[in-house]
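Before I ask anything, let me first share the structure, which is written out below as structure tokens.
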Amino acid sequence: SNSETTSSSPDDDGLEKTTLVVGTIPVPDSAPLQVAIDRGFFKEEGLEVKPEVVAGGAVGVQKLLGGSIDLTLGAYIGTFLAQDKGAGKFKYVADSYGAAPGAFVIMVKKDSPIKTVADLKGKKIAVNTFQSVMQLTAEVQMKVAGVTATPDQFVEKPFPDMPAALENGQVDAAAMVEPFITVESKAGGRIITDEMTGPTEDLPVAGWFTTEDTANKYPKTMAAFQRALGKAQELVANDRKIVEETLPKYTKIDAATAAVISLGSYPTSLSETRLQRVIDLMKEYGYLKTELDAKSMILPPPAS
Amino acid sequence: MLEITELVHSYGSHRVLDGVSLSVAEGELVSVVGPSGCGKSTLLRSIAGLIRPSGGQILLGGRPVDRIPDNLAIVFQDYSRSLFPWMTAANNVALPLRRRGLDRRRRREAAMAALDQVGLADAGGKYPWEMSGGMQQRVSIARALAYRPSLLLMDEPFGSVDAQTREDLEDLVLRVCAHHGMTILLITHDIDESVYVGDRVIVLTRSPARVTADLKVDLGASRDQIATRQFDEFVRLRAEVGRLVRGGSTTATTVLEQQ
Amino acid sequence: MLEITELVHSYGSHRVLDGVSLSVAEGELVSVVGPSGCGKSTLLRSIAGLIRPSGGQILLGGRPVDRIPDNLAIVFQDYSRSLFPWMTAANNVALPLRRRGLDRRRRREAAMAALDQVGLADAGGKYPWEMSGGMQQRVSIARALAYRPSLLLMDEPFGSVDAQTREDLEDLVLRVCAHHGMTILLITHDIDESVYVGDRVIVLTRSPARVTADLKVDLGASRDQIATRQFDEFVRLRAEVGRLVRGGSTTATTVLEQQ
Amino acid sequence: MNHVRVLRGVAGAAGFAAAVEAVGLSGLVDERFLPRMSTILVSAAGLIVDPEFLGDAVATLAAWALGLLLTVAVAVPAGLVLGALPAVERAVRPLIEFLRPIPSVAIIPLAILLFSDNLHLKLAVIAYASSWPVLINAIYGLKDVDPLAKETLHGFGFGPLAVLARVALPSAAPFIATGVRVASGIAIILTVSAELMAGGSEGIGIFITEAASGNRIDLMLAATLWAGLFGVLSNAVLVAAERRLFRWHHARSEAAR
Amino acid sequence: MAPREIGGRPVTHVAAHPVRSVIRALGRLWLVPVTLVAWEIATRSAAQPFFPPPSAILARMHEIWFSGPAAHLLLTDKALGDFGPSLARLFGGWLAAAVLGVLIGIAIGCSSRLADYLDPLIELGRAVPPPLLVPFFLALLKLGTPAQLATIVFGVIWPILLNTVDGTRGVDRQHLETARIFGFSAAQRLRQVILPAAMPKIFAGLRLALSLALILLVIAEIFGGTGGIGYQLLYAQRSYLYPDMWGCLVMLGLLGYLLNSAFLLLERRVLAWHRGARQTN
């Protein structure tokens, strides 16, 4: 019923809240939000969305809890970890980004002796954040290759520092994303493995979430957000060109780079079973202590 | 006015004042002389309440000095350090007048008048570090005089000025003392000066200090730089003080012969 | 030794020295007197190379003073600020002796000897802020004397000590000057002193300073506190200097009558 | 006089830039990680006309200025109290010394939880980190006041407060001002760090985050350079103010050189 | 009053009443238990996972660092591994910054010409966030420890430098004149006059720098390498282990307090004259 009143009269919707401050990260993951803003999807729903850059999913969690933002983009793993440790209760409102071939890889420098994943045993591996999807999937790939990763072989490094860290021998390998994969490849870096193959193929990576409180307090607003973002997600999922055009608007990735980088997938629905995969993996690798239920962390999409 | 009994002070284990007793009446100008390092400045600081003496008593207007007394002004021996370098001479003089409840303009006028009296009419806008030693010393005298304290403590106030200025300042102090009924305790090394300005001269012994002599100066209330210094009484007293300061046992007569 | 011609100095637009010319021969002790604020300390600083005068010339041993001359010592007027508070008196005196190439023990001995000469034999271990004004002044005299400079500049070196000590110090300076052949320029406000210690007395005018008189003191090489001061020549010179400092036009005779 | 100083400053900066450029040309460092000085300068020049960057710069500068004001308003009185009352200082010292070494990287995440307004967050973090130099310098400055100067005013019957305000404060002021200058450098660092770590909608730190997303190291450095230049400018302003306010202090010591 | 003269006596005095002096020292710390209790109450009533009560923090710290064998002063192997190298880096960086800062500061303080040339660079350097520089130190210096040291030096040198410049410029001109008159060599002038006179201000800078060094150490460890207390802190933050994170903070605070106390002891010795000269009776 709600979806019928799509435009023009926001008052009819009775939105509890018409302005949303949304945490985003300047990475390809958040392209749909930018598309929805640019194309006025939010406005059609009577929503004003103010994007605010957050430095990462963890900051997003803190800002949600501190109340300075209403929604944020965040990797599933980080949010599950936060909920597991009792930092708060969160609800995913929409999916955003998932694994696709070539978008999440482990690289080494040109003349590195490391040739296979098994060679990574005991080697220093740079990840953008400890306990992140990059680290978990690296651990998974190593296990598949028959070696066990130890926590102290991971080094936290921001993505832009990774090429230099590889070059200087600070780390032996780095788990990278675009556009840094392209950058390092140009310099001769080699891809050892795609992190998202085998057990991690198509793994969900990041989504839009809020606190349980906020979700309960503003159901109509959240539904409006879901509808608008859903439209954008749909567009983006089917047309890579749109992402390429949008990226330069909210990141410093230029159009030429945008055209060649490997992008992840933009799933159009939040799937309980997909999220449960992440939780299971996290449990298997000792990331979680308690039982988490994927279903309870999903805000169902508005009935259409 | 001021009653000091058996004052004792030690810095650490070093005894400096060893039972100093003296009294100063209202409106009196008492000179204090004594060898260098004997404890004069220490005595003065005790009276001002700046140090707590180890023993003995100081009564000011009948009440023990346990904090800094009201209506007191000091001219420190180390005048250059007691002027505030961030203020001009005029402001240095005017600052204490705030306690007198004067408004800005009146403070300034009083300051300029006092500077004029010490011969620094033109130097009001100068900073202390733009002034010669003697000028700084005069600023600190002007500051004390402008304040019109009821008790004025001066620690060698004329040490850095030339002979002419010194005489002028001596007369100024005498005039101000008489005119405003100030009580003054003046430490000096100049024996002539101690007699010339003092109603009484107190002589301290070598460290640890005690009072050796307390001489009354019978030269009348009004003094004159030329006439007074020619009086026999002046010459006699001067010799007596000189003998006492030198700590010699020579009689006044021998000293007189030597002069 | 020292040859000053037409020395001019201004602080900003304020002219302080207005063509001062004077010369001092090797081994001479010259006293300088003049009104407070006339520019005596400025003159001394120029000779020491601490300020660059606006005009004129200073020759020391035939060479112009463009930097701080070797073998020079100063006793500053503001003695309390010229002692290093982080060093004991003995170390303050000993420190410059490093330049003399003495080893540690010899420096210490020389320092203690100099302190002894100024009557501070016991105070070697004291810090400046533990000493009285007069004691600090004597430490800075001891420092200059121990250094044995060939030219010694003293800016009112005896202002803060008692009469007895002052006389002792005057004699000490005379002795050291004669014994080690030092050349000394001594600024003083004490007219008696200027005549008593000086081979010559130079009188400066009120600011801007010029040399008003350059009087030869004919009292012989050896002086005595009691005898010398009784010489007619001494009395005459004292009166003459007094008249000149006061800037009066009264003749020497009138002044004598007044005394 | 002033011209000479500016010229010398420019000469010094130019010399430095040339040296860095020479290192860049020599191939000692990999240009991918440390772009050449000339590249950075060109990018920095480009930023002047970039309206997005200008907005960011204004936001950063505003937060910085407010934060510094807050710092001074908090730390100077606190420093005076602690410097004037040794008993209080002794009691509070363990807490101060405990708090001082706690890094902003640890404070910022906690501050995010406490402040829902980005500006408040930045101000709190700036004041926290940049108060220390002002505080410590105030305490040391007060200890360094000539006791005779204090006694002088005491002697005239002024109370402890008046002596504090009229002697201790003016005489310690130049050193406190140095503390403020140290603090202003820390404040600009903290503004940018807070933006980097806590995010927000505008600020140089946000600009740098965005530049990082596209591996534009030259832009990151250019923005950093601008932050540094703002530091230079603010310092010049503070120094000029100090020279006016504390003429006595400088004139007194400079005459000797 | 006269530190050198009675220097020997307070020691025996203390030795004679060890209990009393310990009690006095504890008496000065009265605010600490008060704060702890207030903190405990506040955090318990707020019941927020991010702000665990101090009792929980201390328990966690005990577990991580202080449950080791008595032979190691109760320190666990982890504590030894965490603190040893970190403290070495800290002192190395701080000392290097002290030497550099004081030398450059005195040079600038003595020569206004040099100051003119260097001023903009110093101000520029001061305003650059050290974390942004870590990657470039890494790029330049390649190895971990030199880069970390460089980060610390770069971060903590400023207060030392500025205070030294200030102290040098503030040396009483008559002290300098005295030194020049007596023909002190440049080295003597530096050692005997400028350094002691500027020392009180330099010490203020050194004290500021010491806790700043702790902060920079954490930053260097976070951005530059693995291991150490900074790494601990970051790891705890990333894993949402709030008691662990707070444990690191408290540990930093304790280290800071200890370092500062040691520093004040040193200062009291070096600046004994200053305390005497500056006391009001």
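Order as written gives the chain letters A, B, C, D and E; numbering starts at 1 within each chain.
Just so we're on the same page, contacts are C-beta pairs under 8 Å (C-beta built on N, C-alpha and C of every residue); 3 or more make two chains touch, one makes a residue touch a chain.
Predicted model, so just to flag it, every value in this text is computed and none were measured.
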### Task
Give me the chains shared as neighbours by subunit C and subunit D.
B, E
### Query
Which chain lies the greatest distance away from subunit C when centres are computed from Cα atoms alone?
A
### Message
Out of every possible chain pairing, which has the most C-beta contacts?
### Response
D-E
### Message
Need the most distant chain from subunit B, centre defined as the mean of C-alpha atoms.
### Response
A
### Query
Roughly how many whole angstrom separate the Cα centroids of subunit B and subunit C?
26
#### Entry: Rounded Å distance between subunit D and subunit E, as computed from the means of their C-alpha atoms
19
### Query
Measuring from the mean C-alpha position of subunit B to the mean C-alpha position of subunit D, what distance in angstrom results?
49
### Task
Would you pick out the residues of subunit A that each touch at least 2 other chains?
58, 65, 160, 164
### Task
Return the residues of subunit C touching two or more other chains; collapse runs of consecutive numbers into ranges.
78, 81, 130
## Note on the structure
Residues of subunit E that touch two or more other chains sit at 1-2, 5, 50, 135, 139, 172, 174, 177, 222, 234, 237, 274, 280-281
### subunit E contact footprint on subunit D (complex, rising order)
4-5, 8-13, 15-16, 29-30, 33-34, 90-95, 97-106, 109-110, 113, 132-133, 136-137, 139-141, 143-147, 150-151, 174-175, 178, 181-182, 185, 188-189, 192-193, 196, 208, 220, 224-225, 227-232, 235-236, 249-250, 252-257
### Task
Please give the residue numbers of subunit E that touch subunit C in the complex, ascending.
1-2, 4-5, 172, 174-175, 177-178, 180-185, 188, 192-193, 196-197, 199, 273-274, 276-277
### Task
Provide the residue numbers of subunit A that touch subunit D in the complex, in ascending order.
23, 25-27, 50-55, 58-59, 62-63, 65-68, 158-160, 163-164, 167, 179-180, 183, 187, 250-254, 257
### Query
What part of subunit D is in contact with subunit B in the complex they form?
146, 148-149, 151-158, 166-167, 170-171, 246, 248-249, 251-252, 255
### Query
Which bits of subunit C are touching subunit B when the two form their complex?
11, 33-37, 39-41, 77-78, 80-81, 119, 130-135, 138, 155-156, 159-166, 189-191, 226, 242, 245-247, 258
